[in-house]
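Labels run A, B, C and D following the written order; every chain starts at residue 1.
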Amino acid sequence: MWMHATCFLDFNIPVATPFLFMLRPRSGWQQWVGREQYVLTPSVPAVEFTDPFGNLCQRLVAPPGQFSVHTSVDIESADFSDTAPGAPFVEVQLLPDETLPFLLPSRYCESDRFSQMASSIVAGWAPGYDQCAAIVDYIRRTTQYTPGAGQEIISACEVNQRSQAVCRDMAHLGIACCRALSIPARMVVGYLEKLQPMDLHAWFEAYVGGRWYTFDPTQDDLQGGRVAIAYGRDAADVAIYTQFGDPVELLGMEVTVERMAAPSY
Amino acid sequence: MWMHATCFLDFNIPVATPFLFMLRPRSGWQQWVGREQYVLTPSVPAVEFTDPFGNLCQRLVAPPGQFSVHTSVDIESADFSDTAPGAPFVEVQLLPDETLPFLLPSRYCESDRFSQMASSIVAGWAPGYDQCAAIVDYIRRTTQYTPGAGQEIISACEVNQRSQAVCRDMAHLGIACCRALSIPARMVVGYLEKLQPMDLHAWFEAYVGGRWYTFDPTQDDLQGGRVAIAYGRDAADVAIYTQFGDPVELLGMEVTVERMAAPSY
Amino acid sequence: MWMHATCFLDFNIPVATPFLFMLRPRSGWQQWVGREQYVLTPSVPAVEFTDPFGNLCQRLVAPPGQFSVHTSVDIESADFSDTAPGAPFVEVQLLPDETLPFLLPSRYCESDRFSQMASSIVAGWAPGYDQCAAIVDYIRRTTQYTPGAGQEIISACEVNQRSQAVCRDMAHLGIACCRALSIPARMVVGYLEKLQPMDLHAWFEAYVGGRWYTFDPTQDDLQGGRVAIAYGRDAADVAIYTQFGDPVELLGMEVTVERMAAPSY
Amino acid sequence: MWMHATCFLDFNIPVATPFLFMLRPRSGWQQWVGREQYVLTPSVPAVEFTDPFGNLCQRLVAPPGQFSVHTSVDIESADFSDTAPGAPFVEVQLLPDETLPFLLPSRYCESDRFSQMASSIVAGWAPGYDQCAAIVDYIRRTTQYTPGAGQEIISACEVNQRSQAVCRDMAHLGIACCRALSIPARMVVGYLEKLQPMDLHAWFEAYVGGRWYTFDPTQDDLQGGRVAIAYGRDAADVAIYTQFGDPVELLGMEVTVERMAAPSY
């Protein structure tokens, strides 16, 4: 299906402030960028680099005053996310090299402290996909998805002590549990069609059965309509913007996602 | 300045044929992509990867029948390409690691066979930028830029035996001479405003004085209006398309470049 | 100076267990490997890959029974680590791309929670090297270096609540504070001559004045005699071994470092 | 099997000369480095980096006078190189991204000019491994392996016009033909046990049936006893040394390879 997604960020900048943005979705094996726009107002010099996870990152210095970033994308994405009940666990020695960093604990996913909890959640399930599904199911049952409840980014350990969480928190918990079972897991930030309320979204992917599969503890079923903007170990790696120096004010943020007809520009 | 550039390729495909395309300009330190479109007709699954030079490459299988690729970009680029007469040669031991592959001979730049010729061309010039300028000047004097004269890609050695050449050939000769003097040099494929006749263009960059500088043997002065699409060692690395299997027919190709007002999408 | 360093690890393996080792020092701009040995007993198939930080990592499956790894290296290293009081802070927009991941918070360095503490520690110091030195000085004054006190890896936030710490903990605290000030900081694991008691060691590097400088909160002065084995964001990235599946028993570990004459093999 | 291999290079350096060396074999999935030595006489500062193909490269400036490099390695390698008659051709669209650069023509492998010749050689053979074997067989029949016949590096096109060739030439011809058939092929430089006369050796690998396989047109059967030192597209990428500036004199070179017992250092 084709989707048109937009993200608008509006800042009040007191003094010239360096920023990193991560707002350019890439064409990958599950999505194809047909059209893309990226507008800085006012226009300032910006450079782009590829981070260690393959994300395109934009570096710039925001000038004092009002500063806004407006991105949009027309993108073709899968109608449904693949599922694979029964897909087997991949023995660590057989994992591709590039998946190994996603086995290590990270800022918001202290997988080193989740061995016991993860083992208990997946007791009785076959190693692999079904374990991931059991983890997602557990998170859904024990945590109430509460958009807007997350001012501060909290880690999987902290999430675990609460009953309400945002998408990011639930992804962190899922990732921490998968890694504790030696299943590579990574964070995805992106757009999701029909999200209520509309916002940027976060979910995770786990590597089982020889490929990455999508898991989303916030959704009852794995509908498609997903656009991946960035991949990383957790929210620290995939912040859509990272700002250095004194905090600046985010005046507003607006996200839209709509289905569209196949373009014929 | 802002430019709107388009490239249209139209193929007749007898049997399903794998392709690599390199048609997505990246934002870099000299250009910023404001809008970009990439349309495949008919629409087919495509994946994208980053090659060892940082270029975004698109992989797909073109289906039998007529197949076309239509890309366009709104891009902000420098009004003038920087020049730096007198910029010094960088001793090989001080070159950044990532410039070293651009010292080695490559398919169309047999720099290992140009030591004598390069030394003779730059006799009397200060090592560095001025040597590169002397090489470009030599190529301009001895080779007649003849757009359309190049059906087949020929190497610097072969170019050297002819008096007429296309932009690609002249870049290959310049690169081979620079490398023969231990100056890293790389090929650029891209758009150039006001090129006559309009087409995709090729030029080269040399690393002197601590950064890459633009050189273009086909142009009398280094006006701006350049959009880099891909970087590589020579034409083998930066083909805008590489096709595998039996040759397919390119029915048509059209390139446009126009200056535009700063966009306000 | 030339040094001979060895590391011996001895395990009791109940069931075949996948391991990642990081025990091969690389020649870099501050050290040169003259001889190196890496022996697995019993000998088992092992493969090596380069992780995203450039470390050489060894993958293998340890067979049931006693399993040992014995590495040694003859290496030339600096007599003194460079210091640079007054070296300036590098504005974020001028940092090399590859230093940026070392600005982000990581598993054991929650730099996002250290802004206030870091600012207060460096109050009155010039941005850059002197701030790093002030941070190291603070850690030295407030934390008692207590080799052997660290069974479990704890994070900078946790370190901060204790008065005793191991080298790894003190490095984590230093890194967290540097990053909170927008100074890239990274963990180093390696050998240090004359360490008391002898063991593997951890310290950190900060990027100021255009390069990485060594900082070691556990040592009163920055003597040389250092051999870097691995670099990363924190202890999660540079574990000398990471073991998957049920925990195995480390029967013994022995580290030696001695000065040696320049080799003439 | 375990092997002890050494390489000794002795130069007469008139003026300080920058060098790139590629003389440190890596542990990979087919070989394990047990001990390694790398001695520069006189000792000079050297740095190491990883090139785009994963090879470890050493950079240094050789001082005026006699300068020598002495490397040795104890390495475990396969007793036999795998063969796989019948292993199928991998469709280009299914090739891993990292194999694609090995489909392009390169300095000494002008695969763009070998379509006809390659097709004619493999006529009647099943696409994949058997085509590669037919190419190797053809080279063996038509070219006489003549160690010492190659002062200058020549390209596949040039090799093709001669009846005598060195290992490097024969590898270039094999690679050019494979690539012309859309089979990724890469050059390997290394040691081979029992080579007559003993010297460094070159062969190639082709990607068929989902992995790289060894091919060596100079040997009648694919015995083992191989140590890979470097991988690349052709001899330009894997020169064991590249020297910049005025040519220096290689006073001597000596290579040894011996089988050894499993080490117990």
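The rule is short, and it goes like this: a contact is a pair of C-beta atoms (placed from the backbone, for glycine too) under 8 Å apart; a residue touches a chain by one contact, two chains touch by 3 or more.
Just so we're on the same page, UniProt names per chain: A, B, C, D = Transglutaminase-like superfamily protein.
Bear in mind the structure is a predicted one, so any value in this text is a computation, not a measurement.
Colleague: What is the minimum number of touch steps required to go from subunit A to subunit D?
Modeller: Graph distance in the chain contact network comes out at 2.
Colleague: Looking at C-alpha means, what's the farthest chain from subunit C?
Modeller: With centres defined by C-alpha atoms, farthest from subunit C sits B.
Colleague: Per the centroid of Cα atoms for each chain, what is the distance between subunit B and subunit C, given in Å?
Modeller: The mean C-alpha positions of subunit B and subunit C differ by 43 Å.
Colleague: Report the inter-centroid distance (CA atoms only) between subunit A and subunit B in whole Å.
Modeller: The mean C-alpha positions of subunit A and subunit B differ by 36 Å.
Colleague: In whole angstrom, how far does the Cα centroid of subunit A sit from the Cα centroid of subunit C?
Modeller: 30
Colleague: If a residue has to touch 2 or more other chains to count, which residues of subunit B qualify?
Modeller: In subunit B, no residue touches two or more other chains.
Colleague: Line, ring, star, complete or other: which describes how these chains touch one another?
Modeller: Here the contact pattern is a ring, one closed loop where every chain has two partners.
Colleague: Which pairs of chains touch one another in this structure?
Modeller: Per the contact definition above, the touching pairs are A-B, A-C, B-D, C-D.
Colleague: Which of the residues in subunit A come into contact with subunit C in the complex?
Modeller: Interface residues on the subunit A side: 18, 20, 49, 51-52, 57, 59-61, 91-93, 97, 100-101, 103-107, 110, 112, 153, 182, 236-237, 242, 244-245.
Colleague: Which subunit B residues qualify as touching subunit A in the complex?
Modeller: 26-29, 32-39, 43, 45-48, 50, 54, 56, 58, 70, 72, 76, 262-265
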